[in-house]
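Two complexes are shown next, each including chain A; its partner changes from chain B in the first to chain C in the second.
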Partner chain A sequence: MFTLTNKIKTFSIALIVLGLLGIAYGFYSAPSTIEEAKQIVASSHHDDGHASSYDDHSNEDKGHDEHGDGHEMSHDEHVFHQLANRPWAAIYVAAFFFFMISLGTLAFYAIQRAAQAGWSPLLFRVMEGITGYLLPGGLIVLVILLFSALHFNHMFIWMDPEVVEHDEIIRNKSGYLNIPFFLARGVFYLAGWSLYRYLSRKFSIAQDKANDNSNHIKNFKLSAGFLAFFLVTESMMSWDWIMSIDPHWFSTLFGWYVFASMIVSSITVIALLTIFLKSIGYLEKVNDNHMHDLAKFMFGFSVFWAYLWFSQFMLIWYANIPEEVTYFITRLEDYQLPFFGMLVMNFILPFLILINSDFKRLNWMIVTAGIIILIGHYMDVFNMIMPSAVGDQWFFGIPELGSVMFFSGLFIYIVFSSLTKAPLEASGDPFKKESEKFVY
Partner chain B sequence: MANKFIHAIYDDDDKLLDAVKHLKKEGVYIEDVFTPFPVHGLDKALGLAPTRISIAGFIYGCIGFAFAIFMMNYIMIVDWPQNIGGKPSFSFIENMPAFVPILFELTVFFSAHLMVITFYLRSRLWPFKKAENPIPETTDDKFLVQIPVSGNEKEIKSKIKKTDILKIDVVEIKE
Partner chain C sequence: MGHYEAPIRKPLVTGNKTYHQISVDVAKPIEGQANKQWWIVFSISMVLFLWGVGCMIYTISTGIGVWGLNKTVGWAWDITNFVWWIGIGHAGTLISAVLLLFRQKWRMGINRSAEAMTIFSVMQAGLFPLIHMGRPWLAYWVLPIPNQYGSLWVNFNSPLLWDVFAISTYLTVSLVFWWTGLLPDFAMIRDRAIKPFQKKIYSLVSFGWSGRAKDWQRFEEISLVLAGLATPLVLSVHTIVSFDFATSVIPGWHTTIFPPYFVAGAIFSGFAMVNTLLIIMRKIFNLEDYITLQHIELMNIVIMITGSIVGCAYITELFIAWYSGVEYEQYAFLNRATGPYWWAYWAMMTCNVFSPQLMWFKKLRTSIVFSFIISIVVNIGMWFERFVIIVTSLHRDYLPSSWTMFSPSFVDIGIFLGTIGFFFVLFLLYARTFPVIAQAEVKTILKSSGDNYKKLRDKNGK
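Up next is the complex of A and B:
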């Protein structure tokens, strides 16, 4: 039985408190009027390195405004909205990133259950611990979306009735993209995922003391059903929660793309948490063979992510249709560092580090690759949300760092406290023995 | 020259693997094992040196990647630039996304084919080569362990009989 040490508790609470301070600073420094926004932009021209790059860009925007229509926002108002969105977007990126780790772990867990995998039962409790964050993390994401729906920020411009009125493309989508339906869908997805998590966890713990395999079989059937539900809802969730930030743009493989990011970060977190628990003396039956398999999944899904990323990019780049290609033009012009940085961190580095079979058995190699992958996929979520929410006014500063600290603290606290609630070994699992003597 | 061999024949890969582990523990020298398909874990049980084919594969992949860059650059940029879909046709790097599928395919192509050829060379296999396996059943459903003997035939036989054996043959091969 795992017990929460004071060290972990203090560490996570410290992260939460520091994160809260960072978030509060983010809201404090965000402009509340257009005049303040102008001042912030003017001052950042002098002292901020990256700011100089948008000099030309903002002049260009002003050019548009001269012959702009009456209903279009002025450039200053636009910048004001972007700056006001920044703390919200910072929270949203971090909240979604940690939520997606637990959701991806749930999917990975369901795959193990449905496939009746022999190697992984020793890791079931680790995965169940990570999915403990699903409900709280999901509720936080829903609350942020609710704040958007109540017009506390302008991340989702289709939520603004004035914008919709003048925008034919969004107006035509309003049967799907309207606030009540949007929120109801969010509640529906989260309820379905949490229900599976609750039932599966219940059967898993009941199996520990059971004399037959009935709980295991129930879990098997439930997991297969959940995977079908998950495939549809995960795709729709990615349209709703991420793609609708750019309501004009769409990509048909976006759901898969988000899934790839999700599953690779989840497997990485499973591997890192397993290594951590082993290092403090738990999970003594988990050995190099299990780590090797997890590292193979990290390697494989990193390549899978790159494949989907490139498939999405190349079709749009090649066709060069204005409505589609704007998505990548903003990212290539204003987000060069995170855009190409994430390619290196999510594909090239994991590929080169983890390609060697022997390296997949070295814990420090897995940890190195894992940290690179996690930072890279945070950048991926950043690149998905920020360009539309804050445009060229982005920076990785105190609000972003604070949000990451807050949610990582919360994640660590909730995951470790849900690990304490059940024995770390699924002792009644019918495949436990196979998992123990598993050789890759 | 030891030209007298015991051929221990098994009818299942798990039985073979257990037998090989048992014989190794008893200190019996196994010259070779003939199987209809690769048996997982047999190389470790026999104590063979780990394969280096994956390192060769990585190098071949790099060669293919480099060759693809050279080839696409020569065909599409240097020799005969073509305007396809209005893409920049005088710069390799700006046109690179269009070449990625080819870079990928040639990397895989070189890696796979050269690995197969390396494997054949290393195993000394070539067309019209006479088969080396002692009995043709090892290409169908039998597993054969070849053990050279010189005077200690009875001792080895008694050790083999403790394993889950199908039959034992003693053969003399003329050099």
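Up next is the complex of A and C:
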């Protein structure tokens, strides 16, 4: 059994406290009136916080500008909304990122079970630990969405009846994009995922002491069913929670693109957590072969992510249809560093580091690549949410750092606590011996 | 690869096989005489093939006007068949390369024939653009070859050119991969051959395989490298085929989900074709011990998964067409489902989305007859999918005065039937001359996955 050490506890609580301070500072420094927003812009113009110019608003927030029907929101009011959104968006990016890690882990776990994989049962409890964050993390995301729905912020402009009234495109979508249905869908997704997590964990622990394989078989069937549910709800969740921040824009690939980001981050966290647990003396049966397999998945899904990124980007860039291409123009003009930086960190570096077979068996290499991948995919989520939420008023500062610290602290605390609740070895799994003996 | 296998795994080789028995079983169709059934099927295929050749000659000598194309639908039957065949070709590489990387031992019973199918179907696919050129003797113009016509170059911006590169690379790598795997098996046939002519031929094609440890070590290494190369290639091929459509600004064609969804659809149709072929082959050649019910069930599961992914993509497209608020996009999909080609759309939906869902029932997915029927249904459905994407998106364009319908001419149909005939001619010849089971690889899993060894292990309590 794993026991939560005081070190981990202190570390995670310190992160949470520091993070809270950062978040509080974010709200404190955000403007509450248009006048304050003007002052902030004026001062940030001098200290040159970021490269982009704040004057160019031609590409973002079409909701206000292009289809205004004579309803022109003033430039200052627009900037005010963006600056007021910033602490919220900072929290939302981090909250979604850590939530996505546990959701992706759940999907990976279900795939292992449904595929009857023989190599991974030794890692089941590690994965179950990470999915312990699913429900709390998901509830936090839902609460943030609820705050948006209650107009505490202006991230989802389609939630603003004023905007919808003057925007025909959003109005036509209101059969899908309306607050009650949106929140109900969110609750439905999370309920479905959590139910699978709850049941599969129950069967998994029950299998430890069972005399037959009935729990294993139940888990197999349940996992296959969950994957079908996940296939549909994951895409819908991506449209709802991310794509609708940019309510005019659409891309059929978007759900799967988010999935690629999710799964590679999740496998990375599984690998990092496994290495950490091994380093403090647990999981003694896990060896280089298991790490090699995890690293292969990190490599493979990094390439897969790049493939989907390229497919989405290239097709939109090549066709150059105004409705779609605005999405990338905003990012190419105002988000150059995170946009290209993420390509390097999510594709080029993991590709070069992990292509070598021997490197996939070296823990420090996996950790290096893993840290790069996690930062890169945080940036990916950042790039998905920020341009629509805060436009060119973005910066990676105290609110963003604080949010990351808060959620990483919470994530660490919850994941390690849920690791203490069951033995780290799924001892009754019928594939356990195969997992111990397999050699690559 | 580890040799321990959990007791709950089902055996992959049944019938108490020994190493020698495997050699005998695999060599039998090559060493024996062709039976009557083989000759009947071969003759039918040959007739179809010759009819197709006639239609091709007629097309090339008269002109593309003999096809059913018109001004609005300038791309229809030919590209539908092209994409259909290319898609079928995906399963071979997936089974041989991707399943190798995933250490799936069940691939060993089926990979040889799946790879053969890949190569033969890519050949059929290649015929269509070749014929559509009108002057196939100038086909080398698609390659970027330095020339004396001034700055006459291929259009590097065109996904059609990327297709040329992707498909030719894919065909080359698949062929090398296939042949590498064949070397030890050809050598086995060579060593058993009695007649000097056969011995000579199989010596040539086995490249002097000696069976020394060094040979095996190189064999394993190159297999892994080729698998690593083939995996991105198999994705690239159908991705680029999807780019042919998705880079355009035609509603119904321009959609970002196309690349992965085309790949999933390709694997879906490819596995269906593998099932069609192998269900017949295992029966005729008595290979039920190597291509077991377990193999068929697993292939059915792959069909179910990829069918679900494809279904999810259909629904995504449909939903986003509405969500986009773009009038043209919305109409394209409304027209698909309710326009004059509604029957093609619903044929596609029924065959591709609903029918694979029946595989959730264990009883159905372990029924040979049912698997065979579904494999045919899926192949019909995937043909309709391409027809729906291509023809229904084109036949009602932006200008209602040019709206029209497409109907194939007898030449269109003849060439398509010809490729089916050609495909089966090649496959039947292959089945009589090539070791249709990768026997060397099957022997490597006999002791871990053979039923007799599994029983022995259970008895000894390990």
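Definition applied: the second predicted complex is superposed on the first by the 419 of 440 C-alpha atoms of A that agree within 3 Å, B and C clash if a C-alpha of one lies under 4 Å from a C-alpha of the other, contacts with A are read in each partner's own complex, and residues count from 1 in each chain.
The rule is simple: a residue touches a chain if its C-beta (ideal position, glycine included) is under 8 Å from a C-beta of that chain, and two chains touch if they have at least 3 such contacts.
Keep in mind it's a predicted model, so treat the numbers as computed, not measured.
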Clash or fit (per the criteria above) of chain B with chain C on chain A: clash
Touched partner set for A:A191, first chain B, second chain C, both or neither: neither
Touching partner for A:K437 - first (chain B), second (chain C), both, neither: second
Partner chain in contact with A:V344 - chain B first, chain C second, else both or neither: neither
Contacts of A:L4 with chain B and chain C, given as first, second, both or neither: neither
Chain B versus chain C as contact partner of A:A42, first or second or both or neither: neither
Which superposed partner A:I316 touches (first chain B, second chain C, both, neither): second
Superposed model, chain A: greater residue contact from chain B or chain C: C
Which of chain B and chain C A:I169 touches, first, second, both or neither: second
Which of chain B and chain C A:S251 touches, first, second, both or neither: second
Chain B region in steric overlap with chain C, selected from 81-89, 135-143 or 153-161: 135-143
Set of chain A residues, in rising order, touched by both chain B and chain C: 314, 318-319, 439
Touching residues on chain B, where the partner in the complex is chain A: 41, 54, 58, 85-87, 97-98, 100-101
Chain B partner contacts - residues on chain A that touch it in the complex: 310, 313-314, 317-320, 355, 357, 439
Residue ranges of chain C in contact with chain A within the complex: 1-2, 4-9, 101, 103, 232, 235, 239, 243, 246-249, 254-260, 308-309, 312-313, 315-317, 320, 323-326, 360
Of chain A, residues touching chain C in the complex: 116, 118-119, 169, 172-173, 176, 213, 224, 228, 231-232, 235, 239, 248, 250-256, 296, 303, 307-308, 311-312, 314-316, 318-319, 321, 323, 430-431, 433-434, 437-440
